[in-house]
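What follows is a set of structures for review.
Across the two complexes that follow, chain A remains constant while its partner is chain B and subsequently chain C.
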Partner chain A sequence: MELTERHVEGLKELLYKMADDLLILGHRNSEWTGLGPVLEEDIAFSSMAQDKLGQSLALFELLHELGENVPDIVAFTRNDNQFHNCHLVEMPIGEYDFSLARHFFFDHADAIRFAMLENSSFEGLSMISRKFRGEIKYHTMHADVWMKQLSQGTEESKARMQSAINATFPLALGIFEEGGYEAELKEAGIFEGETALKNQWLEKVTTELQKHGYTLPGINDVTPALGGRKGFHTEHLQPLLNEMSEVFQIDPGADW
Partner chain B sequence: MIIKSLDPRITRAGLDDESKDGIQQPMDQWFTYEVFQQKKRGTHHVHVGSLHAPDSELAILFAKEQYARRGQCVNLWVVKTADVFATEYEDEDIFATTPEKKYREPEVYKVMDRIQAYKAKQNS
Partner chain C sequence: MDNRTADIYQILDTVMDPEIPTISLVDLGLVTDVEWENDNPHVKLTPTFSGCPALRIMEQMVHEKLIESGFESPRVSTSFEVAWNTNMISEKGLVALKKHGLAPPPKHAGYIELDVLSDIACPLCDSRNTTMQTPFGPTLCRSMHYCKNCHNAFEAFKPVT
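Let's turn to the complex of A and B:
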């Protein structure tokens, strides 16, 4: 079908929130580099952080094709109120239990979102979704194995993971904050929408957590952390952006 | 004294440079695993190195990022180092005369086949 202006706006909104989530979480997770719990895990976690930056670059390139500025400018020159990532990804890395819970919740949502987008009518998006499928599959395997391992470790490891799950769940629900063009995206066959994604995700993470004896808080007992998609952020995002763009800001015109 | 570093993450952590908390004890619960990588289906798995992991499931996950994040790979094996049986270097002499036994090397026959084929072609 012929895309109207509203369809294109909706598409851009979708691409921006996905790209921003991946850019910010990629940067956050890279903060573990050199500080990970053991060398092997440090390497794996850092490598996945790089994957996320690569995925965000692919999305920023699609935005550039739709008339937005070049990826470096978009990534490094916006302020926090121009970012559309959810609060989950901007929170500091905390202890490793929080970072693992975030990894588990986010990456399952990411895997389902990209799987849905493999059938998107917007070809650029369906192409990169197929391209990243294997990469994201590894990310969810990694998260699932750690969930299992820590459930079988010690009483402390299981209790800490459970409390990280409880604390992270309301933040994770912020991933699915609806945008202003849900109907248009669905109508054009671009994306089925945040509600469809959330339902699939809930089923997946509930099953996975139950396998290992964890419980998920009731969805009606928690308040989702909303606002990120509309540019309202916690106090943690702007310092991250300052740090991330520090080198770029020294000489914005530099030729790399 | 709080450690000040060029790395902002270290400075943020507010670590005391007198503290001994950060010093790890030797790993007494994790095993070493040997990693074997297959680059193409049908080829042999080749030993590429080792790593630490608490069990084979995590060893496979770690192996993927440590040994197969660059270049081609289609399959990985991990084997607990303790499960690998090896010859002793003091018995190295059991291999001493092997290099002399050229007639055991299939390459010899391959070359002969090609020479015979060439001769047959010349004579025809």
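Let's turn to the complex of A and C:
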């Protein structure tokens, strides 16, 4: 079908929030570089950071093709109220239990989102979604392995993971905050929508957690952390952006 | 494939992966198409991983090789049109990986599970009595393993769908 202006606006909104999630979580993951609890985990989080930055770049390039500025300018020159990532990804890395819970919740949502987008009518998006599948598979596999390991470790490891799950779940629900163009995106076959994604995700994470004896808080007992998609952020995002763009700001026109 | 296109593949078979010098970009399966703009080739590459830092270097290497081979204004571009996966590595390429000490990726049927990754033959002694230590390695395309037969740590080029 012929895309109207509203379809294109909806498409851009979708691309921005996905790109911003990946850019910000990529940076958070990279904060484990050199600090991971064991060498293998240090490398795992660093590798996943690299994947996420690469994926965000591909999405920013799609936005550029739709008339937005070049990726570096978009990534490094916006303030926090111009970012559309969810609160989950901007939170500091915290203890390893939080980083693992975030990794588990986010990457399962990401895997399902891109699987849905493999059938998107917007060809650029379906193309990169097919590409990302193989990469994200390693991320969800890693998260699942640790959920399992820590459930079988000690009383303490299991209790800490359960409490990280409880604390992270409301943040994770912020991933699915609806945008202003859900109907248009669905109508044009671009994306089935956040609610459809959330339902699939809930089923997936519930099954996976139950396997290892964890429980998920009731969805009606928690308040989802909303606002990120509309540019309202926690106090943690702007300092991250300042640090991330520090080198760029020294000489924005530098030729690398 | 016409003759002049076949020539391009032959030329590019001498451009080696910047991190694994025994395998060419052609054998890795990264060259997905050659189009012609009058007398100049337009070579299309596909990235192994979207976050692969060697991407721009590979484009540059291909471009330089084509100039060296006498083309005046060749074009090289990268796109996701063809999504790379490890089944695209040629037989010659699998041998080349092993020569560099990397266990070649097993062929896959479109999905990867953990047990596929634990069943990797040691590139040093060919034993399958090995264990995967982590699916993430020194570069995005490698995983790390240990051989319980010859007691060596080794890296594998990991299967990607």
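The criterion applied here is as follows: the second predicted complex is superposed on the first by the 256 of 256 C-alpha atoms of A that agree within 3 Å, B and C clash if a C-alpha of one lies under 4 Å from a C-alpha of the other, contacts with A are read in each partner's own complex, and residues count from 1 in each chain.
The rule is simple: a residue touches a chain if its C-beta (ideal position, glycine included) is under 8 Å from a C-beta of that chain, and two chains touch if they have at least 3 such contacts.
Everything quoted here is computed from the prediction, not taken from an experiment.
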Chain B and chain C placed together on chain A: clash or fit? clash
Problem set entry | chain B versus chain C as contact partner of A:L57, first or second or both or neither | second
**Message:** Is A:I128 touching anything from chain B or chain C once the two structures are fitted on A? First, second, both or neither.
**Reply:** second
Across chain A, the partner (chain B or chain C) reaching more residues is C
What is the contact status of A:S47 with respect to chain B (first) and chain C (second): first, second, both, or neither?
both
Query raised in the report: First (chain B), second (chain C), both or neither: which does A:R229 touch?
Result: neither
Margin query: With both complexes overlaid on chain A, does A:L35 touch chain B (first), chain C (second), both or neither?
Written below: first
| query | Which of the two partners, first being chain B and second being chain C, lies in contact with A:R113: first, second, both, or neither? | reply | neither
- Have a look at where A:H142 lands relative to chain B and chain C in the superposition and call it first, second, both or neither. both
Candidates 23-31, 41-49 or 113-121 checked on chain B; the stretch that hits chain C is 41-49
Check: chain A residues flagged as touching chain B and also chain C 40, 43-44, 47-48, 138, 141-142, 145
Listed in rising order, the residues of chain B that touch chain A in the complex are 7-9, 27, 30, 51-55, 57-58, 61-62, 64-66, 69
In the complex, the residues of chain A that touch chain C are 40, 43-44, 46-48, 50-55, 57-58, 127-128, 130-135, 137-138, 141-142, 145
In the complex, chain C touches chain A at residues 47, 49-53, 79-81, 83-85, 111-112, 114, 133-138, 140, 144, 158, 160-161
Chain B partner, complex, touching residues on chain A are 31, 34-35, 38-41, 43-44, 47-48, 138, 141-142, 145, 148-149, 243
